[in-house]
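Here's the structure, in structure tokens; my notes come after.
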Amino acid sequence: MQKSFKLISSLFVAAMLMVSAMSFAQDLPDVPRNQTLILGWDLSAAVVGVTNPWALPGYTHQRGNAFLWEPLSYYGIFKSEEIPWLADSMEYTSDDFTSMEIKLNPMAKWSDGVPVTSKDVVFTFEGQMNNQTLPYHAAFNQYVESVEAVDDLTVNVTFKIPAPRFKFEVLTLKFDTGIPIVPAHALEAQEDVNAFPGGLDMPHSGPYNLVAWDLNQKIFDLREDWWAVEAGRIGVPEVKRIVMANIGGQQMDNIAQRIVNNEMDAALDMRSSVIKSIVEQNPMVTTHSGDQPPYGYLDWWPNALWMNTQLEPYNDQRVRRAMSLAINRELLDEIIYEGAGITTIYPFPLYPALQEFADSPAVKALEEELQPGLYDPEQSAALMEEAGFTMNRDGLWEKDGETVSAIIQGFEQIHSDIVPFLVEMLRNAGFDADVNFGADSYQNMADGVAGLYMFGHGASLIDPYAALELYHSRYSAQIGTSAGNNRFSRYANPEYDALLDEMAPLGADNPRFQELAAEALGIYWKEQIDIPIIQWLHRIPYNQTYWTNWPTADNPSLGENGAFWAHTGMLVVTNLKAAQ
Amino acid sequence: MSSVTLSNTAIRQPNKVTLFFRYLRRNPSLTFGLLIMLFLVIFTVHGLLTINTKDAYPLAVRPKMPPSFQYPLGTDFFGRDLYAAMVIGMWQTAVIGVFAGALGTIIGTIFGFISAYFGGFIDAAITSICQILIPIPAFLIQVIIAGSIDKRSVTILTMAWVVLLLAWMGPTLVIRAQVLSMKERQFVSVAKLSGMTSLGIIFKEILPNLLPFIAAAFIAQVFQAVFASFYLAIVGLGPVREPLLGNTIWSAQTQGAFFNGWWWWPIGPAVAMILILGSLALINMGMDEMANPRIRRSE
Amino acid sequence: MNFRLLSKRLLFLLMVVWAASTITFFIPRISPKNPVRERFAELARTGGFSPEDLEVIVADYSQRFGLDKPLLQQYGDYMWGILRFDLGISLNKFPKTVMQLIYESLPWTIGLVFITTILSFILGNWLGALAAWPRSPDWLKNIATSFVLFQGVPPVLLGILLIFFIGFKLKLLPLGGAYSIGTVPDQSIGFFLDVLRHQLLPGIALVLGSVGGWVISMRGMGVTIQGEDYVTFAEHKGLGPRVIFRDYYLRNALLPQITGLALALGNLVTSAIVVEGIFALPGLGTMLNSAIRSNDFSVIYGIVLFITIGIATLMVIVEFLYPLLDPRIRHQ
Amino acid sequence: MANLLEFKNVSKIYKRGKTETVALDNLSLTLKDDEPTILTVAGESGSGKTTLAMLLLGFIEPSLGQIYYQGKDISLLSGSERMSFRKEVQAVFQDPFAVFNPFYTVEHLLEVPIKRFKLAKSRAETRDKMAEALTAVGLQPDEIFGRFPHQLSGGQRQRINIARALVLRPKILVADEPVSMVDASLRANILETLRTLQRNYGVSIVYITHDLTTAFHIASSIMVLYRGSVMEAGGVEQVIKYPQHPYTQLLVDSIPWPDLNRRWGQTDLEPSEDSVIGQGCKFYARCPKAMEVCRSRPPLFQLEPYQTASCFLYQEKPKLESEQLSKTLPV
């Protein structure tokens, strides 16, 4: 037996040597716990060592890279304010939104000391225009005529067509959209910018350096020479070190337990069933809404039951409407969300500006008339009969011997609480519903091979255009080709297109824009292009044992959303105050 | 003369049922395993006759209720009666286990016989295929297969098929080895002399003697199949809506059942899973003793 | 050592690799999915690709990954790559190669799986031997036998319970992770113990779940050995029960068990894949799990293949080690 | 006078890799239809006697030569001919336990041939036939029916075994060491049963044994095999009382005769120096009387009308073609 113990210990030592021989080559300074921020996030699904924003498809801003990269501007959604960053200003220079002038902050510089200049902005923009792998290639291609560096700090952009939303949608970082500025001098040297991982040493403008990583954690240390402090954009960050710890694969249940045990200062957003217990079990943990429901803030991602309107029987408005009538939103609010009004009838999140739009008399009148949130099984059944369906012996609607294939494609991690209810509601109304949480569910949505998907509408933030534009017929691609970004309806309606085309060049404060938007929303409801179900809430637990000043309803900070993994995560982290 | 016959009858062995019970007394693990299995069968059959199938699916009853007289195992977050869910889940788990186990054993037995009886090239081919496939972890291949199937059509039976695909090599090798040793036994030669055909010898002479081995292989296969179905459910590759035991345990976990104090949610299906697998393991051990006369002797 | 046998075994190894890689290559290609499109479609969730662009990009990357070539040529390239230990590039984690990913996660899996296999081997065989040993007291036999029931407890389930009760309620051991958050890995004893502490709960879950199998087979083996003449002879020689147990009984019964070691490793890997996830251990299992969930096909094939080769190699090694342990067997 | 069974220059060679083992070497043998006899095939293990039995039963095919049954090559029998060959050439094996399928009660052994060869029309008739056969071998049917093999004694089992052969009314019975695993007290009984079979039912018996005493008691002729070749053959009295071949002498000398004056194992057998010889006498290596000439293969020499030996000690005697071997075997 002694022999075997020797064997075990030597094996163990061998394994240990392999572990430590990894990327922790250099010694790191000790940073005390009260200056360290610990964030729980899934690293297992990410390329943890990739820092180059153009390394695609491996790069993501969500696993801490947002601490490295900065935009021209951020947007504070809860204050409806632009937060100028690398750019001091970014203004349209013509009334028809066809040209723009960008003025950079003269203090801005990369981590290797090289200043951030208009050359970098031009490089970033032209890269997007020429490199089709980059995610905003399509937008640049559609709108941008040319980019020109006037001097070191000034860039002029000329648009092909009026682009009133280009500044906000593309050049401003908020939530998960927008582009950061990349260092021309670092990327120019690369033969293939898409295959260059970046690594620890890539020059960047953000406040932290990635100093070490393995699959268990990523460590970011504060850079003492961050330009933004000197430039007066922000105070000296108190968080000296960020440790992003891997919770990939762990269940919500276990992650909640780790937060209650003070292992982490914050983690991913929780399902509503769990967040309440976390707050109850550890009084130091708070949320966006403190210890009160709904425990979270409104994300930009209202979830709908998308339908592929090119596919039988979802091409029939009556079937779509019948399905909507089968959904009991009140019951969902009551069972899943403890009575908090989370369900929605809108395809966009009700942020201040959008709430205003929703409350406008024109929209209110439409809502009264069309009753988009109505639950009425009898009316649903009547519509199905009208559409030529008959109830079969299993209590399911049937036409030509086929039941309605209503398998909801969804994501287990975020939909495991609500989709089972939707399935059952649809089944109770006679639709042959089931659920697919498989790894293929997203492709089924994107390719349009399935009829029904549960997914978000990340689009509109300050005006309804982006959300309504999702249903423009230019995305009504043939089934089997990718529908692209959140455009799964494949809906086509010339009348609707005309409204949207007219809206496109108009600013949101134009009254005609508001009028057209209400009309388009009316078509959306009447045609039941999809079935809006719930607002999306981020219920992020914030542990105040070591860190306070989290962005909450009472403390909106710069107005950024509270997700440390979003593009604005850097603002969340740099505004934290040490509790001890 | 008649008295002699009488006394002979008297010393004759008691009937098979009595023998079986006597044997059980000497083999506690088999007895214990069979008792648990019997209990599970009665529980499931009784349940299937009394529950309303609809109660095993969401929105059927008031959610999040602890066990009570009305809901003996409580209800879950989704408003499923956990008793009904467990009954249906055990039934579905049994279907997968028995289907995959039985087919795997049958295929294995057939291949084992073919391989051992005909020998030569066929034998070499079958055994090397088995030996090559065995080091490939079945679960990983099942994951690949299950991931490649269009999940819109995944049902309990598809899941059973997926489990089955790599479940036949074990029995094949076991049965082959046994047939090879049986084939050399003299009663096979005698049967040949008595005019039996090859098929007759396989089915009437060799097969009956392999029954304990086949039964043991079957039990082992069912065990593997139940386990595999559980794991596939956990990695999200099963029929999600169905209240399979694995699905119920997993959905409890994703909704934070323990953490939220809904302890009754995962406990029922977990205990059921443990009882099913545990009883199979015990029966397997008991079968081992039955098939291995040397172990039997020592009891 | 015999070269013919060696080459035979190497051929076997090659056949296993061939079979595993062929299965992993062809099965996913039967389904109509295009992994590249899936990956980009998913990426498009946060970005702004237009549908037309997406198709162009998909075509471009399909070419980069060689997916536009005829199937047989792809198969040939794939096989040639395997021979050069090149398992391809990860789709999800581009530009990382699959081998890099495996190298990053392998140590954690080796640490966990090897140690638990060996621990459960020792514990299971010890208990199995005691269960069969006629002189061991009844209570000991019963305890040993009751471990068989643990076979019915899936390690994942056990893991969940251990996390909740030992980790969360009693706060005795960490709830997850490979080492304490924020620790910088080095080669100190402190770090070593920290890792050990984190491996304890998943280790227990895996050991308890797999120990029963060894108990069953060892018990069977032990009873068989008891009937052997040399054991009886040793008893008649008047050797003490301890000596007989250790030198005659355990040693002889243990030998055949060793052949099962490599295969048991395969079963344990299955459990480990799921258990690693529960405990957020960044090993091969977690890597595989995330690959499954993100349709990262090349990583899935790569890991499956890697594990298979590992197990097959171990089987061959065990076969060659066997005669060293058992003097009765000599390869001719 | 038709030949019931004829071996014509039969050899059986087993190949394993590059090594060839000659299990039976050019044997010719004839059994006559109308002269039921008991022929002993004697020899130590590896002498080829079991191979001979397997060939005879048609379980294996000869590598060289042919085996004829009632004038027909048994490898070319038609369906019905095969059935009658199967029925008429039977065997009793050595291990009286192994022949029983442990799954069934003992009557299964008798039932199967009756059914397969359609010897009875009804269940009752089947049972009668079984009872008759059991009685014929001296068993009480009532004591036997419904028992499992392990519940019977070795002698009982072996007699059931013989009864099985009897049911079929075979013409040839291969008895492969039928008494070697039976208690000594029962041996005589079983041998007697065999002899009765031969006399009363006209069955030719090929009695395979390594034990010359039992052979002496029941057989009329004997054939001594060594490593696949015939060493000596002839009338059983002649060969055992006056063995001529050194190997036979060795065998006979090893018999523990119940005669106190006779020393047991007297002959000293020192192996000669050349232990391997390819073409020569197979016994050369162990033969105390080995000569230079023995390096070539000795033919059979006719010593007496009913005795022949394959040994150069008798090279002045007339040669006997191997095909003529049966002539020296008395009926």
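A, B, C and D are the chain letters, set down in written order, and residue numbers restart from 1 in every chain.
The rule we apply is simple: a contact is a pair of C-beta atoms (placed from the backbone, for glycine too) under 8 Å apart; a residue touches a chain by one contact, two chains touch by 3 or more.
Being a predicted model, the structure only gives us computed values, none of them experimental.
Visitor: Taking the mean of all protein CA atoms as the centre, name the chain whose own CA mean is closest to it.
Guide: Chain nearest the centroid of all protein C-alpha atoms: C.
Visitor: Could you state the distance in Å from the CA-based centre of chain C to that of chain D?
Guide: Their C-alpha centroids are separated by 58 Å.
Visitor: Quick one: report the Å distance separating chain A from chain D, using the average Cα coordinate of each chain.
Guide: 91
Visitor: Report the inter-chain centroid distance for chain B and chain D in whole angstrom, where each centroid is the mean of the CA atoms.
Guide: From the centre of chain B to the centre of chain D is 50 Å.
Visitor: Averaged over CA atoms, how far is the centre of chain A from the centre of chain C? Could you give it in whole Å?
Guide: Each chain reduced to its C-alpha mean, chain A and chain C end up 37 Å apart.
Visitor: Of all the residues in chain D, which ones touch at least 2 other chains?
Guide: Within chain D, no residue contacts more than one other chain.
Visitor: Among the residues of chain A, which ones contact at least 2 other chains?
Guide: 251, 253, 257, 439-440
Visitor: Touching at least two other chains at once: which residues of chain C meet that condition?
Guide: Chain C, residues with two or more chain partners: 33, 160, 164, 168, 289, 292-293.
Visitor: Can you name every pair of chains that touch?
Guide: A-B, A-C, B-C, B-D
Visitor: Given the complex with chain D, which residues does chain B contribute to the contact?
Guide: Checking each residue of chain B against chain D gives 4-5, 8, 12-13, 185-187, 189-196, 205, 208-209.
Visitor: If we count contacts the way the header does, which residues on chain B are in touch with chain A in the complex?
Guide: Residues in contact with chain A: 57-59, 63, 77-79, 147, 150-152, 154, 236-237, 239-241, 251, 253-261.
Visitor: Per the contact definition, I'd like the list of chain D residues that touch chain B in the complex.
Guide: Within the complex, chain D touches chain B at residues 57, 59, 83, 86-87, 90-91, 93, 95, 98-104, 109, 112-113, 116-117, 140, 142-143, 146-148, 151, 164.
Visitor: Which bits of chain A are touching chain B when the two form their complex?
Guide: 251-253, 256-257, 271, 273-274, 277-278, 331, 335, 405, 407, 412-413, 416-417, 420-421, 423-425, 427-428, 434-441, 444, 450
Visitor: Quick one: which bits of chain C touch chain A in the complex? Just the residue numbers, please.
Guide: Result: residues 33, 37-58, 60-61, 90-96, 104-108, 110-111, 114-115, 118-119, 122, 160, 163-164, 167-168, 171, 174-179, 181-182, 184-187, 191-192, 195-196, 276-280, 282, 286-287, 289-290, 292-295 of chain C touch chain A.
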